[in-house]
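Lettered A, B and C in written order, each chain numbered from 1.
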Amino acid sequence: MMTNLAAGRAADRIMDMAADTAAEAQEMLAITDLKTHFFTQKGVVPAVDGVSIRIPEKQVMGIVGESGCGKSVTAMSILQLVSRPGRIVGGSIMLDGEELVGKSVKEMRNIRGNKVSVIFQEPMTSLNPVYTVGRQVSEAITVHRQVGKQEARQQVVEMFKAVGIPEAERRFNSFPHQLSGGLRQRVMIAMAMVCQPKLMIADEPTTALDVTIEAQILHLMRRLEEKSNTSIMLITHNMGVVAEICDFVYVMYAGKVMEQAPVFELFDHTKHPYTKGLLNSIPKPTEEKQRLYNIKGMVPNLLRLPKGCRFSPRCEYAMPECREREPELYDCGKNHKVRCFLYQKDQGGGADE
Amino acid sequence: MQNSDILILNDQNLPPDLGLPPAEDIDAELLDNETMGDRIKTMLRKNKLAAASFVVIVLMCLAAAFAPFLTPYEPNKTSLKDRLAPPSREHILGCDELGRDHFTRLLYGTRVSVMIGLFPTSVAMIIGTVLGLFAGFYGGKIDFVIMRLADVVLAFPSLLLAMVVSYTLKGGIISIFLALAAVKWARTARVIRAQTLSMKEKEFVEAARSLGVKKSTIMFRHILPNCLPNLIVLLTLNIPESILDEASLSFLGIGAQPPSTSWGLMVFRCKPFLFEYPWLAIAPGVAILVFVLAFNFLGDGVRDALDPYLKD
Amino acid sequence: MARYIIKRILVAFPVLIAVSLILFVLLNVVPGDPVTVMMREHIKPELIEVFRERMGLNDPILVQFGRYMVNALRGDFGMSYKLQRDVSAMIREAFPHTIKLAIYAALVAWIIGIPAGILSAVKQNTLVDRAFMSFSLMGVSLPVFWAGLLMQYLFAFKLGWLPVTGYYSPRYYILPAIVLGWQSAGTIARLTRSNLLEVMKNDYIRTARAKGLGETVVVVGHALKNAMLPVVTMMAMQVAGLLGGAVMTESIFGIPGLGRITVDAMGTRDMPLLQGSVLFITAIIIIGNMVADLLYAFLDPRIRVE
């Protein structure tokens, strides 16, 4: 379905896909049954409700879903930067064999920006307006490494060059407001990569940028990922971005993973009705005129989750069973799992359509 | 407080990606069908200090209204034998330099403060509201003139301007009324203008306009009610300020004139006896502090409660 | 930046003129004719008319205003009716006392207000926060004149730690500075707190945390500078505002500053002195506000670096 978008990458990716299954042992990140809840006045909001995610070394893993589905909270849980009144109430987060849940504030500080770094959606507001960008990136080095000011500056300029900031020397002394959105996002990427982290979380990194800049930034991220040992966790609501850069995709809805599969498998054999809806709601260049599909209804209020499958009220295929109990993640083979009763029977077998 | 097996995260203030507003705003978020009154009531239930302040204000207003029934003495009745009498059973706070019962005068002084808190403030706010509405709604020259005038008034230190106005009007309670009204309208005008400007862009105003509703109706029926939270907040700021300003002006001798009683004037008149008869000057000051503080604590609570209305 | 400065100065100028005009008109419509005040009402009506004519009091008010302003710009504020002294000389004498008091008070306000505000914000909704905020509300609610008397009674009279009134050494300024500064401390603390809380919601604070910075570095290094921009403006404005507040404090503590002159002139209905001192204070305040804005522009790279 989306193969035309990603066709260029098809050949070299097939190898990786084969490797995927074998690579389970060297996971860079393994989140297991993570629960992050928000304790509000109106009740408990299960923003992340038992999510398990695995990212092998040197891979770009996508998390897709509408806003409010818990993507960002999952990411922030890794860094333990979930805002009050939210907290992790259960589960485990293993980073390169190291358990993060339960780490002290001090230990977490040593991990943030060092082993796990983040790029945020809004490059406009994510940089401190009163300091030069150079200073802000150097800070990421000096806080984690014992290096002098001059050396840090040198590294930052190198990094600026690596992320394609023209006139890197001069830009070091620029203030954020003097840079364009694309350049600011490059600065953010430089900040995220400068300590060579094991994992870089990119939270909607291109949403605020226009399309040509988006392509450049994605290309840059892909290139950096290939050159370094960093895995990338890309959070987006944009299936096009997923097709562009991801190796493996998790589709989240209302705090739960609905479907997970290698990227080509997901696009070619889409299973979950929600994923289908997401894919159908992107415009296709091949068709002249069409009404864009949209998924009926809205993301449910997490305080009043429907009984049974969370997606059932909006689902075209909903069966009586769906409103009764929650489906599990059913394994459909080829590393493809779906949380939908429609595929219950495919469990274990290699289901072809 | 929290369960020990639940991990408490130490860093806050990061907006989560939820269908909900950012976490730190959840307290400030409106519940369904919640009115301003409801929010203020809830605030009073939770904020003990504000509730206590409310009670204090009500009690003091009652004391002002029923002053003659609360004391056997006349406020202006002098009695030479009681000159500077110390506090006793008959005279709780003693007597002043003319032998007048200090407590009685304090009670009657409440009237001045309550009136000053209410009237000039209301007049100033009505003027400010109307000017702000016009400035915001019509824009152009009207806006320019009104707003520059407000700039000029706000450029003065308010007490100094009130002093000059009061001086020009030769003192007395009335001149304080006018002086305070002349000074306080400007801030209201500015706030209401800003609110009007943002309201003007709202759909319901556009709709009313396209239906050909009269401009005055739009201003006073559609826009004005939406300024109510701002007005309440301004009121909570203006009342204590006015009371303090009156006390200051009276203390300087250009406010309330003898024989009328005002707390500021009482402090002024008792100043010479500060070292021998300290309670005389201290008591009216305590009254001012308590009254103004009560208004400020209550106002603080009200501002918190109305915060969500003030956002746009 | 240069354009911003010029623009700001150009805005301040008309305000200054308008403020002077309003003051002039207000003070000159006072029924008590200056000539009668001067001559103590024992003079023949014809003579009054002669004096009025000679002093230009029969000219239209705008002409009088223009003449006054031209003279004022040359440093000539006229003669005091009561004291028969040059008003500008009196202002020159009084001003150092007032500015000294205002600066001491500002120091008190900043030293107490800023740390209190930061602490309240960091410990938001804790007991510390509530205590500080109640204390600052108390500062705002305090009648300055009364607080002054209370302190005189307590620290000067009862305890004998400090002198009651006077202006001979810095010791004399301690009480007035505390009295005057407390109120501003309250305002500064509240402003610092609310700005800091607002700034802490910004994305770049999240970025700073995600970099692995500790909370102290995040607050002091990243949030504070942004939060302090408006506070610095406020502080500069308050030095100006404190000049106005000095009116009260000076008359209580017997400091012969501008405020004292103003209050005395009001009492004796000494028009030129009153006009001169009020105009001078107001001008200083307007210029102070302008400097505050320029300071903001200088501190904020978004305005400074175009």
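Here is the rule we go by: a contact is a pair of C-beta atoms (placed from the backbone, for glycine too) under 8 Å apart; a residue touches a chain by one contact, two chains touch by 3 or more.
If you're wondering where the values come from, they're calculated on a predicted model, not measured in any experiment.
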>> Give me the set of chains touching chain A intersected with the set touching chain B.
In response: C
> What is the chain whose Cα centroid lies farthest from the Cα centroid of chain B?
Replying inline: A
>> So using the touch definition from the top, which pair is joined by more C-beta contacts, A-C or B-C?
In response: B-C
>> Counting only Cα atoms for the centres, state how far chain A is from chain B in Å.
In response: 52
> Counting in whole Å, what is the centre-to-centre distance of chain A and chain C, each centre being its mean C-alpha position?
Replying inline: 55
>> Taking the mean of the C-alpha atoms as each chain's centre, how many Å separate chain B from chain C?
In response: 22
>> Give the residues of chain A touching no fewer than two other chains, as numbers and ranges.
In response: 81
> Tell me, which residues of chain B touch at least two other chains?
Replying inline: 10-11, 13-15, 22, 24
> What residues in chain C touch two or more of the other chains?
Replying inline: 206, 209
>> Per the contact definition, I'd like the list of chain C residues that touch chain B in the complex.
In response: 14-15, 18-19, 22-23, 26-27, 29-31, 133-134, 137-138, 140-147, 149-150, 152-153, 157, 200-201, 205-206, 209, 215, 240-241, 243-245, 247-248, 251, 262-263, 266-267, 274, 278, 281-282, 285-286, 289
>> Under the definition above, what is the set of chain C residues touching chain A in their complex?
In response: 202-204, 206-214, 217, 222, 225-226, 229, 300-302, 305
> chain C touches which residues of chain A in the complex?
Replying inline: 79, 81, 109-114, 117-118, 120, 122, 125-131, 136, 139-140, 143-144, 175, 177-178, 188, 191
>> List the residues on chain B that touch chain C in their complex, please.
In response: 10-11, 13-15, 22, 24, 49, 148, 151-152, 155-157, 159-160, 163-165, 167-168, 170, 240, 244, 247-248, 251-254, 264, 267-268, 271, 274-275, 278, 281-282, 284-285, 288-289, 292-293, 295-297, 300
